[in-house]
Amino acid sequence: MAFIVHNTHTVSDELLEELKLVSVSTASHSLVEMGYRNQYMQGVMPLSFPEDQQSAVGRAVTLRFIPLREDLVKQQYTELTESPHRTALESIKQNDVLVIDTGSHMETGVIGDIFTRRLRYLGGQAIVVDGCIRDLQRVKQVNFPVLAKGVHGGAIPRSLMSVGFNEPIRCGGVSVIPGDIILVDRDGAVAIPPQCVEEIVKSARAHDELEERWIKMKLDEGASLHTHYPPNAEARIEFEQWKKENGYA
Amino acid sequence: MAFIVHNTHTVSDELLEELKLVSVSTASHSLVEMGYRNQYMQGVMPLSFPEDQQSAVGRAVTLRFIPLREDLVKQQYTELTESPHRTALESIKQNDVLVIDTGSHMETGVIGDIFTRRLRYLGGQAIVVDGCIRDLQRVKQVNFPVLAKGVHGGAIPRSLMSVGFNEPIRCGGVSVIPGDIILVDRDGAVAIPPQCVEEIVKSARAHDELEERWIKMKLDEGASLHTHYPPNAEARIEFEQWKKENGYA
Amino acid sequence: MAFIVHNTHTVSDELLEELKLVSVSTASHSLVEMGYRNQYMQGVMPLSFPEDQQSAVGRAVTLRFIPLREDLVKQQYTELTESPHRTALESIKQNDVLVIDTGSHMETGVIGDIFTRRLRYLGGQAIVVDGCIRDLQRVKQVNFPVLAKGVHGGAIPRSLMSVGFNEPIRCGGVSVIPGDIILVDRDGAVAIPPQCVEEIVKSARAHDELEERWIKMKLDEGASLHTHYPPNAEARIEFEQWKKENGYA
Amino acid sequence: MAFIVHNTHTVSDELLEELKLVSVSTASHSLVEMGYRNQYMQGVMPLSFPEDQQSAVGRAVTLRFIPLREDLVKQQYTELTESPHRTALESIKQNDVLVIDTGSHMETGVIGDIFTRRLRYLGGQAIVVDGCIRDLQRVKQVNFPVLAKGVHGGAIPRSLMSVGFNEPIRCGGVSVIPGDIILVDRDGAVAIPPQCVEEIVKSARAHDELEERWIKMKLDEGASLHTHYPPNAEARIEFEQWKKENGYA
Amino acid sequence: MAFIVHNTHTVSDELLEELKLVSVSTASHSLVEMGYRNQYMQGVMPLSFPEDQQSAVGRAVTLRFIPLREDLVKQQYTELTESPHRTALESIKQNDVLVIDTGSHMETGVIGDIFTRRLRYLGGQAIVVDGCIRDLQRVKQVNFPVLAKGVHGGAIPRSLMSVGFNEPIRCGGVSVIPGDIILVDRDGAVAIPPQCVEEIVKSARAHDELEERWIKMKLDEGASLHTHYPPNAEARIEFEQWKKENGYA
Amino acid sequence: MAFIVHNTHTVSDELLEELKLVSVSTASHSLVEMGYRNQYMQGVMPLSFPEDQQSAVGRAVTLRFIPLREDLVKQQYTELTESPHRTALESIKQNDVLVIDTGSHMETGVIGDIFTRRLRYLGGQAIVVDGCIRDLQRVKQVNFPVLAKGVHGGAIPRSLMSVGFNEPIRCGGVSVIPGDIILVDRDGAVAIPPQCVEEIVKSARAHDELEERWIKMKLDEGASLHTHYPPNAEARIEFEQWKKENGYA
C-alpha cells in the first residue's frame, strides 16, 4: 500500500551546512520545546567517527530488514537483478544519510567497510543502524561516521533480508521518514522534521553565542546557576553590556 | 518502493480447516525440519482465547505502527478520510488473521474490544500483536483469540501511528508476509509459508495418530523412550500389529 | 529536605465510589487526552484479585525501599521501635491504597499474606508493588487486590530496607504522589491526579453508555468502524433516535 | 575433570514427605536466615501444576544443554546409542526432580508431554527448566508439576544439544547440585542443601502453627503488626494461654 | 517523613586524600570482606574522566528524580524560586560528590556541561548518575569525572522532575546515603560507609605494597599462583627476606 | 558423567599463526557459509587489547562458574589444595586461550591483573569471559587481550564458585568445546571448530587479496557494488588483467 505519511518540506544544502554547527543535544532539546517529543535515537552510538569532524548532516534514505525467511531470500535472488539493500546503497546521492531499521536485531551485522566506502564515494554523509555493524576495525579505516547499537561478526545472510526502501521506519525508538534531516555527532543521532531545521539553526545560533562564551566565563568566575543559567534580568543587562564592550552587539 | 518479497502460493479454506487440528508446537517443529528455522513467534502469548476453541487459523493481513510523530499524525487526519489502521481493520475478510508490528513497543495498547468485535464480525479468525493490547477485561468478553506481548492502558494516540498495510513485517522475531498462514493456540503463534501447509497437515496427521494414542499408552505401561519414542524397528512391528488388531490398518 | 511536589486537591469517598465504574484503560486514555501522558503503571499486574470485584480505588500511601546496607539495617532496629514499613502499614486508613517503590528490584518479596491481611483489616483497598511479592498462594487466600511485577520466595531482609514513607515515588515508570487516586482492575493500575477524577468519571459515564450498548449492538449488526466508531454525524442522529425509542433520552 | 563440589548428606523419603508441608516462601526465607542467601529460583514459574497438589519435593537430577554445534550433534548421534538427555530421563528414580540448565535460552523448548509422561511413570516428582518448555497444552494434560521460564514451539534440535548429566548447574540464578532437595509449589522453586531440610521442616512446623492459626485470627480481630507479628512478650503469653485453652499445649 | 537511615560517622579531608590511592576494585572487595556485600555501582561507568587523574573521592550529596507529572512541574516552577536540582547543585561544597537517582531512566539526560562546570567551581569532585547525561562532547571539555549509564540528547523537562535532595537513594543497584564516601576511577564507582574508610585505606596500603611490587615481579619470573598469590608460608619468608634486602622493612 | 561432545581434530601452531591474519568478521561469516550458524560470541568485547596487536589466536581451555553456595565453597577450600579456577589457570600452556562461562553473571568480576599476568607468562594468548572482569585499569597495564561483557569491582567470592574445568561451556551464546580454536580481535571473539580452520584460512587468503586491494581501489574510483562487489564476469576479467599487469598472477 502507498505510504501514508511523508515529508512535505525540503531543506537546502546551505541550511544543512548551517545545521552542522548545532549539537545533537541542542537540537534534541529544541525539538522537545517545539512539541516533537521523540526525535533523539536512543542507544545508537557512533562506533566510527572521523577525528577531525564535529558532526554530519544529511537527508534520510531508509532501508528496512526483517528476519530472513528461507524461501523468500531465494525468491529475491531469483526475481531481482540486485538485492534491495544494494539498490538502496547505489541510490545514495550527495548529502544523503542511510538509516537502517533491523528491528533492533543484535544477531548479525548489516554494514561493513565495503558498503561504507561505496556510500562515502556517492556523497553520503553518515550511516545510522538500529542494530549491528560488522568488521568495525576496517569500517574505522574508512574514516566515516557510522552509528549503530553494537557489533556482530555475522553478515546479512545469517539472519536478515531487506524488504523496504524509502519507507517510514523505526530507528532507536524514533520514526524516520525519508527526507528527514539526520544530524549525528559524538552524542548520537537525532531525526529532524525538515520544517524544523530553520528554527533549530536560528535558536541554536542565538543561544550558543550566549552560552558558549559568556555564561561559561561567568561560571568560571563563580556566578550562580540561579542568576546566570539562564541569565535573570540583571544578568541579561550585564550580558548586553559585555556584548557592547566586546563589540558583539 | 514496491514490496520485494511476496507469497506465491495460496491455501484453500478446506486446508485451513485441516490445519486447525495441528498444534503450534507440532507445526513449529515441522517447519524447522523443512528448513524454516524461525517461524514460531517468541513471547506473543494468548491473552484472550475462547474456552471451547483448540486453535485458530487464517491468512495474514499485516499492519505496521511506528512511533508517533506529531506533525505526521496531524497530516494523516487531514489528508486521509480514515487512519490506515481503521482501513486495515475494515479490509478484513473471512479467514483473515490480523498481525500487527509495533516494534515490540510496550508503552501503549493498539487493540481493544471494539476493534476485536469488528474483526470478528468481518470473519477474522485472530489478532496477533507484537506489542500491547488494552482493555483486556472487555477484550475477553468478545471471546475471540487475541495474542500479544502484554497489556497497557494507553491507546494508539499516546505514542504510535500506523504507516503500513499489507507489507512484510516482524512479529515475535519472525517475518510475517501478507498471505502467510497463521496458526495460533494456547502455546502461541506460528507463521507458516503457504506452500508448507499441506506437508505440515500430512505429517502431523501421520505422526499424531501414532503419538497421541499408542506411544502414550505404551509409556503409561512403562515403555522406555529408548525403544518407543520414536519407536525402534521392533516397536514399530508391535505398533503395526496393534493397529491391525484394533482395526486402524 | 521537605518534599517539593505535593497534591493540593482531595477527593471525596463518594467520588471514589463512582470511579470504581471506570476501567483502568478508559482512565489511562482520558488522562492522556487531558495532557497527563504517563499515568498507567507498566508491567504491574494483578497477581491476586477477588473474583467478584471489578476494580478497587483509593488514596495513595507510599513506601520506598532501597537496597539493604548492613550497618543501617542494624541502626533501624536499634533506633526505632518499629521498622518504617510496619509503621507505614499500621498507618493505613479507610480507602487507602499502599504503593511500594522497590526500584523494580526483582530479587526479593516485600509483601506476604500477613501484611495483606492487616491492610485489609484497616480499610485499605489494594497493594501495588513495583517489585515482587512473596507467598502468592497464601496472598490469594486473603482475597484482596495485590498488583506486582513478579513473585520471589525471599523476604525483605534478604536485600532491601525501607527508607521513606509518604514521599513521592516511582511505580511502574509512573510518579506516585501521596494522595494520588489509584485505580486498579484486571488490566493493571493507573495513578490519577486528584483534580482529574471528576472529569474522568464524567467523561467515562457519557462515553460508556454510548459505547457499551449501542456501538457494540451496531457492530454486531455489521456497522463499520468508519461510520460508527466513533459515530459520524449520521450515526449520531441514528443514535439519538435509538435513545429516544428506547427511553434513554 | 571430576566435579569439584558435591553433596555429602542424603535425605530420607520420610523427611521429603514432611517437607511437602512447607511452602517455597517459608523455605526460601529460612535458608536466608541459615546463611544460604541464594536458593530461590528467580523467574522459574509453574506452567503446569495439578490442581489437587500443594507442592512437590524430590532429589535433584541435573541436565545441561548448550547451544547446538552442527558437527557435534552429528557426533552425538553417531557415537552414542542415545542422546544424553534421553539417558538422563531414563535414569529417573522414585522421588527425583529433573532440573535443566539451558543457559536461560528462550529460543526453543526442551520438554514436551512425552518426556513429562515418562518422567512421571518412573517416579519423578517435578521438572524444573531454566528455559522453555513446548506443547504446554498437552503438558498440562499430563497433570504433573512442570516449572519453566516460558514457552516456545521449537524442539531441542532447533538450537540446543545436551552435554552434561548430573553435574552442578545453574537454574533461575541458583546453583543446583545433584542430590539437592528441590521444593516446588505455585510460588516457584527452591533448591535446598540436603543438610538443611531437617531444620527447615522443624522451624516451619513450629512457626506455621503460630502463624497459620492464631496470628491470622488475631489480625482478623484487629491486632496490630507491632504487637502480634511477630508476637511480643505480652502476645506470646496470650498465645500460650490460647494454646492451653484450646488443647494445643 | 523524617529520614530513617543516616550516617553517623564523618571522614576528614586528609583521609579522603589517602583514599584516592585505593582502586575501586580493591575497595569493593574489601567491603565484601568487611560484610558490606553491595557497594559497587553496577553499570555506572566513567563517560568523562580527566586523563591525568587516577581517581576522585568525596562525600555524597544526593538528588532524586521521578517521572515528570505535568501539573506538578508547573507547581514546582510556581511555588519555588528555583527547581530543587538547581538548589542541590548550588549547595555543593568542597569535596562533595553529587549522586543522582533517576530510577535508571534512560530516556533523557539530566546533567550537561553547564551544571558540571558549576559543580567543579564549587569544589565538587565528581558526578555519578543512575541514568543518562547529555552533551557528552561538551561535558568532556570540562575535564571532570562524570559517571553515568548512558547518553541521551534530551534534557530534564523531557520526562523527569526532581523531588528529593539529600535523601537516601539508589544508584547502580546500591544504596547511597548522604555523607557516604564515593570513590570513582576508570572501573566505576563504589559507595563506602564512612566508618569503613580508615580500614580500607589501611588494608589497601598493606596489600598494595606486596601485590604491586613483589608478587608481580615474581609472576614475571614465573612464580605460580599456588605459591605466590597469595604467598604461602615459604613465599612469605622469601618476601620478608626480599624486603630486608631492599630496605623496605 | 564423562563429556559427551569433544573435538576430534587438532590444529598445528603454524596454522594458528596463519589464522591470525583473518578477521573475526571474515571467520564468522565463513563459518555461517560452511553451515556453522552460531560461532560469533555476542556481546563479548575487547576491554583490554594491545595497541600493536591485530588479533590473537589459541586453543580453548574452559572454566565454568556457578552461583556461590555457602557450604560448598567451604568444602572446596577444605577438600582441595587449590580452587579449581587456580588449577585451570596454572594448567595453561603455550597458545591456549582461557574461556570462562559465568552464566552471563554481571554481579562480580572473575579476572583481574594478577591472573592475567600469570596466564601471559604461561603462554596464554587471550582471556574471554561471559561475564565481568575487575580492575580494568591494572588489567590494561598487563597489555594482553582480555574480552568480557563488562566490569565489576567485586571478586569471585562475592557471588560465584568454579565447578568445571575443560568441559563444554557457553560463552556469548556460543558453545565452546575444549580445543576449539578461538580467534579474537577488536570486533570480538569467534569459536572455530578445529577442522574448519584450514578452509577459513584458505578462503580468507583468496578473498582478502581481491577485496583488500582491488575492490577498494575500484570503489574509490567509483565502481558500483552491482558490478564490483562481488565482481561480475566482466569485472573478474578486468581483475585478472589487473593482476597480470601488476605482477600478482
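Which chain is which? They are A, B, C, D, E and F, in the order written, and residues in each are numbered from 1.
By our rule, a residue touches a chain if its C-beta (ideal position, glycine included) is under 8 Å from a C-beta of that chain, and two chains touch if they have at least 3 such contacts.
Fair warning: this is a prediction, and the values are worked out from it, not measured in the lab.
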Touching chain E and also chain F, the following chains: A
Graph separation of chain C and chain D (steps between touching chains): 1
Most widely separated chain from chain F, with each centre as the mean of CA atoms: C
Cα superposition of chain A on its sequence copy chain E - rotation in ° rounded to nearest 5: 120
Relative to chain E, chain with the most remote C-alpha centre: B
Between chain F and chain C, distance of the C-alpha-averaged centres to the nearest whole Å: 50
Cα-centroid distance, chain A relative to chain F, in whole angstrom: 33
Separation of chain D from chain E, taking each centre as the mean of its C-alpha atoms, in whole Å: 40
Per-residue overlap in chain B, given as positions that touch at least 2 other chains: 37
Full enumeration of touching chain pairs: A-B, A-E, A-F, B-C, B-D, C-D, C-E, D-F, E-F
Parts of chain B lying in touch with chain D, wherever the complex brings them together: 23-29, 32, 37, 40, 42-43, 45, 185-188, 190, 211, 215-216, 219-220, 222, 224-226, 229
Contacting residues of chain D [partner chain F, same complex]: 1, 3-6, 8, 35-38, 66-72, 75-76, 80, 84, 103-104, 159, 161-170, 173-175, 177, 193, 195
Residue numbers on chain B that touch chain C, as the complex places them: 81-82, 86, 89-90, 106-107, 109, 112, 114-115, 117-118, 121, 134-138, 150-155, 157-158
